[in-house]
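There are two complexes below, and they share subunit A, which is joined by subunit B in the first and by subunit C in the second.
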Partner chain A sequence: MTALVPLSAAASPDPTPTPASATAVSALLEVRNLTINYASPRGTLRAASDVSFAIRPGEVMGLVGESGSGKSTVAMAILDLLGEAGRIDGGEILFEGTDLRRLSAAHRRRLRGDRIAAVFQDPFTSLNPALTVGRQIAEPLVQHKGFTPRQAAPRVEELLAEVGIREPRRIAQSYPHQLSGGMQQRVLIATALGCDPKLLILDEPTTALDVTVEARIIELLAGLCESHHLSALFVSHNLGIVNRICNSVCVLYGSEVVETGRTRDVLARPVHPYTKGLVAALPRITTDRRHRLSSIPGTVSKLSGASESCVFAPRCPFAEETCRRLPQALRGDAAGNSVRCWKAEALAGTPWPEESTASRPQAAPPARTAPLVQVEALRKVFGERRSILPWLRRDGTVAVDDVSFTIQRGEVLGVVGESGSGKSTIGRSLLALIEPTAGTVLFDGADFVKQAKEGDRDLRRRAQLVFQNSAASLNPRKTVGAAMERPLVLAGRQGEAERREMIAALLTRVGLPAAYADRYPHELSGGERQRVNIARALATDPEFVVCDEAVSALDVSVQANILNLLADLRDELGLSYLFITHDIAVVSHIADRVLVVYGGTICEEGPIGRVLRPPYHPYTEALLSAVPRLSGAEDGPEPERILLEDSTAPPGGGGCAFRGRCPRKLGAICDERAPPVQTAADGHRIACHIPLAELAERASVFPELAALH
Partner chain B sequence: MLLYTLTRLAYLAMVLVVMSILVFLVTQAMPGDVASMIAGQFASKEVIDAITVKLGLDQPLIVQYGRWAAGILQGDLGRSLVLEQPVAPILMEALSRSLVLAVVALAVVTVIGIGAGVLAAVRRGRMADQMVSGVSYLGIAVPDFFWAIVLVLIFGSYLKWLPTGGYAPLADGFVPWASHLVLPVVTLVLMLIARIARLTRSSMIDVLQTNYVKYARAKGLPEKVVIVRHALRNALLPTITVLAIDFGLILGGVVVIETVFSFPGMGRLLLFAIQRHDLPLIQATILIISTAYCLANLAADLLYAFVNPKIRHGMGNA
Partner chain C sequence: MTAASQTPAAPARSAPKRWPTSLVLGIALLAPLLVVAVAGPWLAPYPYDEMNIMSRLQPPGPDFWFGTDEYGRDVFSRTLVGTTNSLVMGVAATAISLLVGVPLGLVAGYGRGRTDEIIMRCMDVLMSFPPILLGILVLAVTPPALWKAVVAIGIVYVPQVVRLTRAITLELMQEEFITAARLRGESTAYILFHEILPNIWPPLAVESSLRVVFAILLGAALSFIGMGAQPPSSDWGLMISEARPFVEQAPWIALCPGLAMGITVIGINLLGDGLRAVLDPRNTGGH
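Moving on to the complex of A and B:
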């Protein structure tokens, strides 16, 4: 196992040949030595340096990297949409052999939307709220193909039908806000397909979508690329999805290509240290709370000027003196894979170093006597309105319906669900940030909502919250220290010197230098800001923390760091968490037990190890099977995916909340009666009309789990 | 859309009822007694009492209000005490002149203000933007009567191109009519254009940074289409509201400008009525001004809904 990927170029004295030039003849798109700089108030920032890759007809290439790696910049440069601050300072972008940079701006515009089409990240903001979707889909046809809007109408319906929309005529006349996220993304894909393009630029096309919807959109895109013989540049930070859809992958780090090659080679046997770290840091279903996640230390530094060393060296565990002295060149091998690391050959078989293997305590929360948090029949209705004008009356939306659960001391309860499932409402109700419509929340035996209303600060002190958006939860005008001082004052720490000492101690506890107290939020990276948020939550010495998507906005390598930190704090301080997330892999890593919520109700709950194995609630099964994974030898063959209909608003009235999308719906009983809660095993409950025995017959979504535990 | 319009109309009716009550109460609270004013300074107590009974001023307030409101609903706005003739024709004449001023001014503001705002946003940070911003500052910072005086001095007194004040009905011919309008309109729009241009510029800059504008460019649409169809339409939402308020404002009388240019509009009428303690005229004028204001806002709401499908489909916070 020494050299899985032989690097022929490493032996030759001239390290220049790149895979790009090797495949130049047949490439549809070839990017050569592209260098892009951004003008910023603090000087020129490098967004892409010497980036080269090539996409052959019919090839889907993944452009992977963390935020700030330059992946979107490269995509926008191909579309000539860099904006005013970005400037291409060198290189070529060859489309069908012509350098786009040599064409006039008008000529490039004529290619855009016609030969090169795009789909962007957030479908809702990519559609104009004031125009019907039909009109927006027709625009490229009218612009590039000379259709009149009237002539375009049948073609629009044809396109909508092709992307799997059932009532194309009705949908064409709708406005974006009337459609679900999945439908909106289908509309964007239909727009992109309109003029029969050669190349698709897909910029994180599923990042804003729910996992089950994402699975369907990826399926659709993969099918379309195949049937239309489309090439695509798939920009993503999600290695699992890249693994699903891309033939080849190009990994960017710090504005440079660090590794490129066939997807199955690069992701299964990464050679560059950064790729190794990235793959190792992904939380997996198979690692539970006893494991530490591997992580990449440090953060990406902002780059300016030419690099005089390997860009990854400051964070690389394999770095040595030479790495810091020499800029690295991309070197290719015979198979067309290439790596920007002079030690590639030597490192080919070396895995990313594991974090200290000191095992965490086994997932056994202490005695089940008095739970710390006890939620009974929680219900929350939003937007109910009474009015003297009858047409203004509104029933409101049921966000959470009859939810009951408990959290033990030192236990981590995961709440998994998609947008609109009510998971955040549950979290906020627990902290009395939202007043429940009905039901009780007991915290250590006391009625939290009532106490909070009466101004009981002590309960507030004992229960804290960490949000998803690390930047928005910090006041930009306050230093880190000032932000942390407030909760300390509330917690009764009067002395200024004492507070300063505590702030330093808290910052150290979350792995930040104490000197960070004097910094402003914008001076910190996303991961550092989230650490500050955690430190601030810890300031009041809480027993219970609600983490609402606390790691969702972070890059993979940073996410691993924060997850490890949260797990350490749990073990050291005996904290309990309510861990709200849409990411089942994250939950399986940190949670002891998990609630799967849909449409405001709990479909399934139980210890994480049991929820991941059959019997499954049909929704859990679909959710689990939709999770994009890095399959490889270790994971076995990929099981068949269960694809759900695009999300629709959960139907009201009695019956099961999931019935509208359930692939295993029995019939009238699902519409009429609320599903019974069946106990599958100790603490493992499933709310479904299908008998347990029948649910248990399904194959495991994760056969690899059978070998564990 | 129908439901939305109905809702708005219901609100409008409620506002007007409340408004009429307020107007009535406020004018009651004003110093001076109507009966003695009608009777004159030297009238005997008997005469005053007789007038009081005749006008029903001895009845409870609620009855007086009821009678007044019923009259208004039948189109009777009362009689002016000072001018000794029905209020309605006087008001209508002033309102029609203010309407002319408002329509012309609004047309100018819409075209130039929005145009300048869009130009500044598209050329952000460049020469055109800086000029628009600079001129806007001047327009907002310097009070309108100053411009009024400057304009009168230059074009009226010195160059003698335009009349310094007054009003000529359209029946006297287009040129006199228009020439009397030029100076008030120019003075009025100087400030309004500045506001609209700045507002349009900032909302346009926001919209130009949205994803849908970027996506419109990714479709290969020409910049003109991107700006007009995708950006401007959404950027205009706040501008529409402000324009409607401005329209109501001009309609309700711009006292300073009407005074400087001796323009016989609503503003001067109200001023006259207040100075002479002509209660029926005050009541009717204020009521008409508030109605005009409410209607302008209704128009803005409907236009807003027309441009913004989220409201049209009853999904917004209607």
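Moving on to the complex of A and C:
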């Protein structure tokens, strides 16, 4: 720090810069008072207001916030990719001391991809499917370094090797569709590294990937940042990942920075009420099903200008009259952290209010009577064609292979797996949306598939589905009321007044005002739409609901709300759920029992408390260890992570579905014979060739969970 | 905290919808045309078929605003009277192609598999004929008449409507609200006409407005080769075709029907565009 630069805050002993005290000299990237507006048909929308932060060389900063917080807008502004509607209305973006906004467009273009590189969320659309991977990695080299494509080839291979790809020469010549999602993301990282940039902008780089793949990519990024002394801006909604990779963090809410500082300070001891809420709402692995998740009430309001009050006041449990009158300023403390809340000192030790657990009675253990749903040897093959003519025959893709399970009345069965594990196919087969290739699905003793085919509406009524995509599951041209009315009409509710009353009751039931019946889906927020979806599913008065990633697309604070709602409905209406998710922390909050599926087969099954503790199936162990967590210093060192190979297509033929990625593969036996199902305890079954005793020797992934009994 | 107490305050709904400029302009252009289509014969300064050999091929002037043709007929009067034929041809032909094409497209997109194959291959055959040839084919066997030309044009444009409808249906079939409808036991007819069809209208409205224009142009082409409106009756396409031999001597003969056609095309396009904006519920209320 030089004396020339005035410091507005007291010089802190900690060198981590704060927005207020950052100096242009020490920071690689400094964003100062950035204000961005979007022009929309209904006036301007504020996407970033007065956003300031600084990233020093070698520092990885997390930019955290929920959808609509403006985090991606800020990242795009740094990359000069705001688009037509976005307009920077104030502030500076200083890169190595020069304001990017003062540079010519051509100059900025020269920086982009050379000194500042980016990796985006979706590897599947970020690569051009018509060009080889090698050519795409070479592009920035050709553009910025004047290489010919031929000259670039050795560098391309070097880069691929650097991002952990084992056969760089072969991969360079392949096309994007031939690679898995994890490999594609590695390729994009290699592309970004090509010109030896100073700054990486990472916009949710792992959100589209499976947990086990995500763990590897994060490991890779963390390693690269360290070895290349790279700075990075890591945009993410996932606090667990931010905790793992970022030195400092900047929390955005409603287009403003609400809290910023060192990661371990902010996430372990959040000061701003919003950060407190965000951390509290994060589903953690638990074995106590009665535990209610903390949630942040309300939704993010759309801002259309400078606000008169604290942006978070409408949702803040600590808000008082002053908060609504006083615009908040970001204030730094001695440790270099800053908070935008005038009550920061008073609230420092106050935790986010806990949801009362008293209201939830311990649900009686599901009765051991006849199961509600019984699945026997379910098998589904897609795209298979049988013919007497051999050249017309085609082997299909096995999505689900020999899966059997039962669901009791009032029980919640979680199905956990990664993309392509067949979990959605299982859910849809249960509802007869997909016709199984083999096996039976009995619903309350009746053959569901057969009955549904014969048009049995009563059976249809009793089993419903809540979708992942709350927008796509509502017809955009129908009001909420119209969407909910149909199931009632089909159920024979003739009177219009009666139906309207029932719709109002259902909306109230899921925590929405009855007036929402007149709204169109696009007028609601994601969480509200998901409530409508749940209300619509409830309209038929079902006994069994399949929740297919029902909370996965929602922001953390809303996710907690919906999970609590689903848990309440289960308790009050005695519903059974099949809860499909990729997130084991979510499932631990709601499920009684869990199936862990891989490659269309069940590898482990049991009560949630037992699945989370050893003995583990090797896949379950890897899956659990890959879950990003918020662990403060008090939790001790993080346990060793088990990193799996990037996912590849499950090998065909006999043998264990997981053998291709299994870190504990025994040998030929895994390739040749299907693993035996071993019973570890009552209802806890593991399909693996490794003897139970050996599986049980592994340490628990969650030592914080008390030993069972 | 119970679920009910977390109810977010209902945000205020935005102002009532305003008519888009394109819709207003489109109506402003088309409304006079409709008046003319109905009242053309009474508005025309001269009878459309009154020949006046003394004043043939007169340039535009105070007596004849848009000049006269080879027989000395007033071009302006003929254009006014021809409005009916042209508009009817365009709108009726489009209606026929929609009436046939939309259900076929829905069935093809919903049924997929063999149904889809059969319908789409038939459409491919239909499309492989040049439109004019298909028109001629329909008309050649029997004496030409305006209504036959309308039917022919309608059939020519069926494949385009089927393709568009099918493409949108296929896309919508992936949407989860269709799965939700199947799940609650809706009939196929309900899903097709109450869930899918309302989502097809907006793109179809835009497409149809273009269709009307193409139909008028194709009708003109058919009249041009003598398969549509028959002389001495009046039709814009027929008029342009009759003006062809005199295009150097008396270019004004084609000017007036050409202008009328231009106004129609622009008006209908604007109307279609405006309709799409109005029909979309997403253009009302918040985000």
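Basically, the second predicted complex is superposed on the first by the 664 of 709 C-alpha atoms of A that agree within 3 Å, B and C clash if a C-alpha of one lies under 4 Å from a C-alpha of the other, contacts with A are read in each partner's own complex, and residues count from 1 in each chain.
As a convention for this text, a residue touches a chain if its C-beta (ideal position, glycine included) is under 8 Å from a C-beta of that chain, and two chains touch if they have at least 3 such contacts.
Model, not experiment: these values are computed from the prediction.
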item	value
Partner chain in contact with A:143 - subunit B first, subunit C second, else both or neither	first
Partner chain in contact with A:112 - subunit B first, subunit C second, else both or neither	first
Which superposed partner A:490 touches (first subunit B, second subunit C, both, neither)	second
Partner with the higher number of touched subunit A residues, subunit C or subunit B	C
Which superposed partner A:223 touches (first subunit B, second subunit C, both, neither)	neither
Common ground on subunit A, meaning residues reached by subunit C in one complex and by subunit B in the other	none
Contacting residues of subunit A [partner subunit C, same complex]	40, 42, 295, 297-299, 301-302, 314, 355-356, 359, 431, 433, 455, 457, 460-461, 464-465, 467, 469, 472-478, 483, 486-487, 490, 508-513, 515-516, 519-520, 522-523, 525, 528, 536, 540, 561, 564-565, 568
Subunit C - residues contacting subunit A, complex	1-11, 13-14, 175-177, 179-186, 195, 198-199, 281-282, 284-287
Parts of subunit B lying in touch with subunit A, wherever the complex brings them together	3, 6-7, 10, 210-212, 214-222, 225, 229-230, 233-234, 307-310, 313, 315, 318
Contacting residues of subunit A [partner subunit B, same complex]	79, 81, 109-114, 117-118, 120-122, 125-131, 139-140, 143-144, 175, 177-178, 188, 191, 201, 389, 391-392
